[in-house]
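Multiple structures are listed underneath, in structure tokens.
In the two assemblies presented below, subunit A is common to both, partnered first by subunit B and then by subunit C.
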Partner chain A sequence: MEILAQLIVSGIALGMIYAVIAFGYQLTFATSSTLNFGQGEALMLGALVGLSLVGYMNYWLMIPLVLIFGAMQGVFVERVAVLPALKTKSEFGWIMTTISLAIIFKNVAENIWGRDDLTFPSPLPTSPLQFFGIRVLPMEILVVFGALAIMLAVEIFNRKSIYGKAVVATSNDRDAAGLMGINTGMVITFSYALSSMTAAFAGVLVAPLTLTGATMGVVLGLKAFAVAIIGGLNSGMGVIVGGLLLGIAETTTGYYISTGYKDVPGLFLLLLVLAIKPAGMFGKSVIKKV
Partner chain B sequence: MLEIQNLHAAYGKVEVLHGISLEVPKGKVVTLIGSNGAGKTTTMRAISGMIKPASGRLSLNGIDITGMSSNKIARSGLAHSPEGRRVFATLSVTDNLLLGAFPRLTFGRPRGDVEGDLKRIFDLFPRLKERENQLAGTLSGGEQQMLAMGRALMLNPDVLLLDEPSMGLAPLLVEEVFRIIRELKSRGITMLLVEQFAAAALNVADYGYVLENGHISVHGPAEQLKNDPAVREAYLGAAH
Partner chain C sequence: MNNKIKSIITALAFATSVSAFAADTIKIGVSGPYTGGSSPMGVSMRDGVRLAAGEINAKGGVLGRKIELIERDDEAKNERGVQVTQELINKEHVVAAMGFINTGVSLAAQRFYQEARIPVINNVATGSIVTKQFLPPEFADNYVFRTSANDTIQSALIVKEVIDTRKLTKVAILADSTNYGQLGREDLEKALAAKNIKPVAVEKFNIKDVDMTAQLLKAKEAGAEAILTYAIGPELAQIANGMEKLGWKVPMIGSWTLSMGNFIDNAGKNGEGAMMPQTFIQEANTPKRKAFIEAYLKAYNPPNGRIPSPVSAAQGYDSMYILAAAIKQAGNTDGVKIREALESLNTKIDGVVTTYDHPYTHDNHEAITMDMVVMGKVMDGHVVSAHPVEMKESKEKAKK
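After this line comes the complex of A and B, so read on.
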């Protein structure tokens, strides 16, 4: 029982990382129906830039700089890979261009930071805290709250500010949003900035718990993509539930069956959801009246 | 005021508008009538920048707006309530109305009294006031139409385009829509109106244009068009 509780706690931290990355997929999908398949690489770049920066400053001062870096990286992806594909009305061009760019980012990172995994110094004590016999790393708590905080911040921005409402309007009906005087091209660029920013943030949250290196984003990005599909590409609640489900499924399978099979439940979950509810567990079709 | 000179527009390679010229003077209501597929909606879309004109010249208050993106044209003072309403389904009624004032809330146009205007829109459309926090996607068709009109008015536009505001509405609501158009006219709002109920449109309008297959076939003061035998036969015979 205690072991199961322990596994669930570890799964939650992992799951929240998946949730934040999946949330990033949703942000661009909402405004432009496109995804950045380099979301994992945005996370990796955030982590490595953060690692270089913590050589000169403390972890907490580094975070805002990494957020700015992430936003700029997102703008770059949108301008270089997505905008040209959308301009030529090529329906699936963005898939190839974002994947290609992701590969380039990985190569660039290997050249700058090397091929070996690096250790990211933990900003919090590395000895676990005990709650009713369950050990929790302070960093795991930070991951959960940090992930929730950034998702909540975006949600509040969307609901309360006129600029956030303009983002939602663009997601609803791009042409009609244009008629309101909203520069919908800018909104899409902004959603890419926000999306990569959240991924970069996830990068510096997860880095102290794992190994940091050029390839760290590949698997994370892929699994978060599964979470986005499982939870539904338009449901904020969906990615949190989906992320937690996948995170916990992985840690428990890894322990009770074999670490070799820890990726199986995620795939199984994905196939199950696609078969039963292709829009995702919480996916909703927008109500439209004619 | 709005001036259109020799406007051509196409979808892909198919030209739909073959050189249209029309004028909407300040404070006047002008109507554009024509049968289904004549190109009325296309004309509206080309004016507001939803599609790029192939050629021709559009000017708003003397400023050339040809080829501008729709958001710039809106910020120049043109509001377009599009065919099919196009309200933002997942946003509340109030948020939809506030977005109509987006350029005023974001330094794109003089701010004026946004809160007061919101209140005045609710006075004009009491049904919207009752549903201010409801999501627009859950409104009835008639309520969505009121919302689309209210949202366009929130720009404080110099020119307002209304594309079939009565489409799909029950007769009582159609009357309500025309009552509101008349009310807007009395407030001096400059309007270009497209309506399937040609007779009613000509009754409220000062001037009318008849669009046939992408050409303007006849135009003149509304009174005169109402009595034109060809117009009566083609557009007013079957209408109410």
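After this line comes the complex of A and C, so read on.
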């Protein structure tokens, strides 16, 4: 029983990392029906920028700067890769452009920070805490709560502030929102800024647990995409549940079946969801009127 | 007209052949991962080779010609290794080559050297089958040589350390899913089977995996008293850190990669005490080793005065000297002649790892034998010899 609990706790920490990245996919999909396939790279850049800054200041002071950097990086992605595709009403142009930007970011990072994995100094003690025989690293707790906090902050912003309402209006009906005087282009740019910001934040959260390097975002970005699909691209609840499911599935399969198969249940779940409920477990299926 | 063209072609051909004779360098390929998770090994190997080549050139080179190293980064990727190998052979026309850190890359790429009849010395890759890929009767001659301790030797030493020295019989094997990890796991299982021991758990993980909880819990629940590893630095560090997280501390003993800088740094205090077989430890216990360490530190000034991978540096350095001696004995740079010279070296080579006395024969392409390898241990961020007595023996051997 203790083992299962330990596996679930580790799975939750892993799953929340996936969830917060998947949340970023969702933000841009809501406003513009586009995704930034460089979400993993946004996370990687956030972590590496954070690592460089941590040399000059403490971890907590560094976080707001990384958030600003992430937001700027998101705006850049939107302007360079997504806006031209939206302007020409290209259905799939943004897929290629965001993927190629991701590759460019990775190469740039390799040139600036090198291709080695670096250690990110942990802001919290590295010895585990013990609760009823279950051991948790303080950093894992921070990841879970940090991820929840940023998702909650974005949700509250969207629901309560006037700018947030513009975002919600745009996601509901872009044309109608435009007619009501909302600058929908601006809202889309803003959603990209938010999306990369959460990814960059996730980067500095996970970096002390994993190793930091130019390739750290590839696997995470991909798994988070699976989470976004499982949970549904328009459901905030969905990404959290999807993330937790995938994280726990990975650790428990690794233990109970075989560590060689630990990625299988996640992919299996993905196929299952796509076959039964293509909009995701919590997604609303949208009827497209032609 | 026809005659004129012919004469021009002849003249051109003559000119190019003359320029080939006039090229006064001997081109030698050096490939390895100079970037990525395996880079501490690749870079140390390259620097060791450079150091030796520099010394040889300072003394006038070989056959009156200078050695020119053609370095290529294979990024530890099999397909990239194939690419750079073909480039070295077909574009750079190297006469011999050294390198290959990753067993997988070596197995994928070295066939091109074999086909081109160009000798290649694997100076770091350890997979047992690396030198056994092209054996008679299928291939009359084998062009693959090695100056590292192969996995058969390493796993035997790891098992000896755990079972005989420490008297631990319940062991778990954790290996990564690459060629290196899985071939090493097989060797470990064989070495354990020879002592009638079956590992209580055999787990694997992928490169870049960040969570080792499941693997470690399985080993722990199976009652493992020691963890035997076959992986590279970053993931080994995740294992050591994962053990700390689970509050479970058993000896970690594994292949020589536990001496990599990126394991020691990323694992920090959790990596203390990890043990691994080493052909060379950065300790100045013979004059040759002292000179080598000083020269390396002076030339490359690595952080904390620690060679990123001392084993790779020493083996790289030695491989260059062995190759130079072979070229000298061959008297020219023909691949077949160099291979024959390597198989019948009649000069003793005073290397960093050992003194090489007839290191190779036609049927034995392994320069390192079990008695040249010692156990190292991570202590205060450095690798030191685990059994100083053993070190003394090897010190005397090196002196001989």
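Methods note: the second predicted complex is superposed on the first by the 284 of 290 C-alpha atoms of A that agree within 3 Å, B and C clash if a C-alpha of one lies under 4 Å from a C-alpha of the other, contacts with A are read in each partner's own complex, and residues count from 1 in each chain.
The rule is short, and it goes like this: a contact is a pair of C-beta atoms (placed from the backbone, for glycine too) under 8 Å apart; a residue touches a chain by one contact, two chains touch by 3 or more.
Just so it is clear, the model here is predicted, and its values are computed rather than measured.
By the touch criterion defined above, A:Leu7 lies against subunit C but remains apart from subunit B after alignment on the C-alpha atoms of chain A.
When the two complexes are overlaid on their common chain A, residue A:Ala176 makes contact with subunit B while staying clear of subunit C.
Of the two partner chains, subunit C is the only one that A:Pro128 touches; subunit B does not reach it.
In the superposed model, more residues of subunit A are touched by C than by the other of subunit B and subunit C.
Once chain A of one complex is fitted onto chain A of the other, the partner contacts of A:Val219 are limited to subunit C, with no touch recorded for subunit B.
Of the two partner chains placed by superposition, only subunit B is touched by A:Ala166; subunit C is not.
Contacts of A:Leu211 after superposition: subunit C is touched, whereas subunit B is not reached. In the superposition on chain A, A:Thr184 makes contact with subunit B only, while subunit C stays out of contact range. Across the interface of their complex, subunit A is touched by residues 35-37, 39, 177, 203-205, 208, 210-211, 213-215, 217-218, 221, 234, 237-238, 241, 244-247, 262, 265-266, 268 of subunit C. Across the complex, subunit B is touched by residues 162-163, 165-166, 168-169, 171-173, 175-184, 286-290 of subunit A.
Of all residues in subunit B, those touching subunit A in their complex are 48-50, 69-71, 74-75, 79-80, 82, 84, 86-91, 95, 98-100, 102-103, 105-106, 108-109, 135, 137-141, 144, 151, 155, 168. For subunit A in complex with subunit C, the touching residues are 3, 6-7, 10, 14, 110, 114-117, 119, 126-128, 130, 135, 137, 206, 209-211, 215-216, 218-219, 250-255, 259-260, 262.
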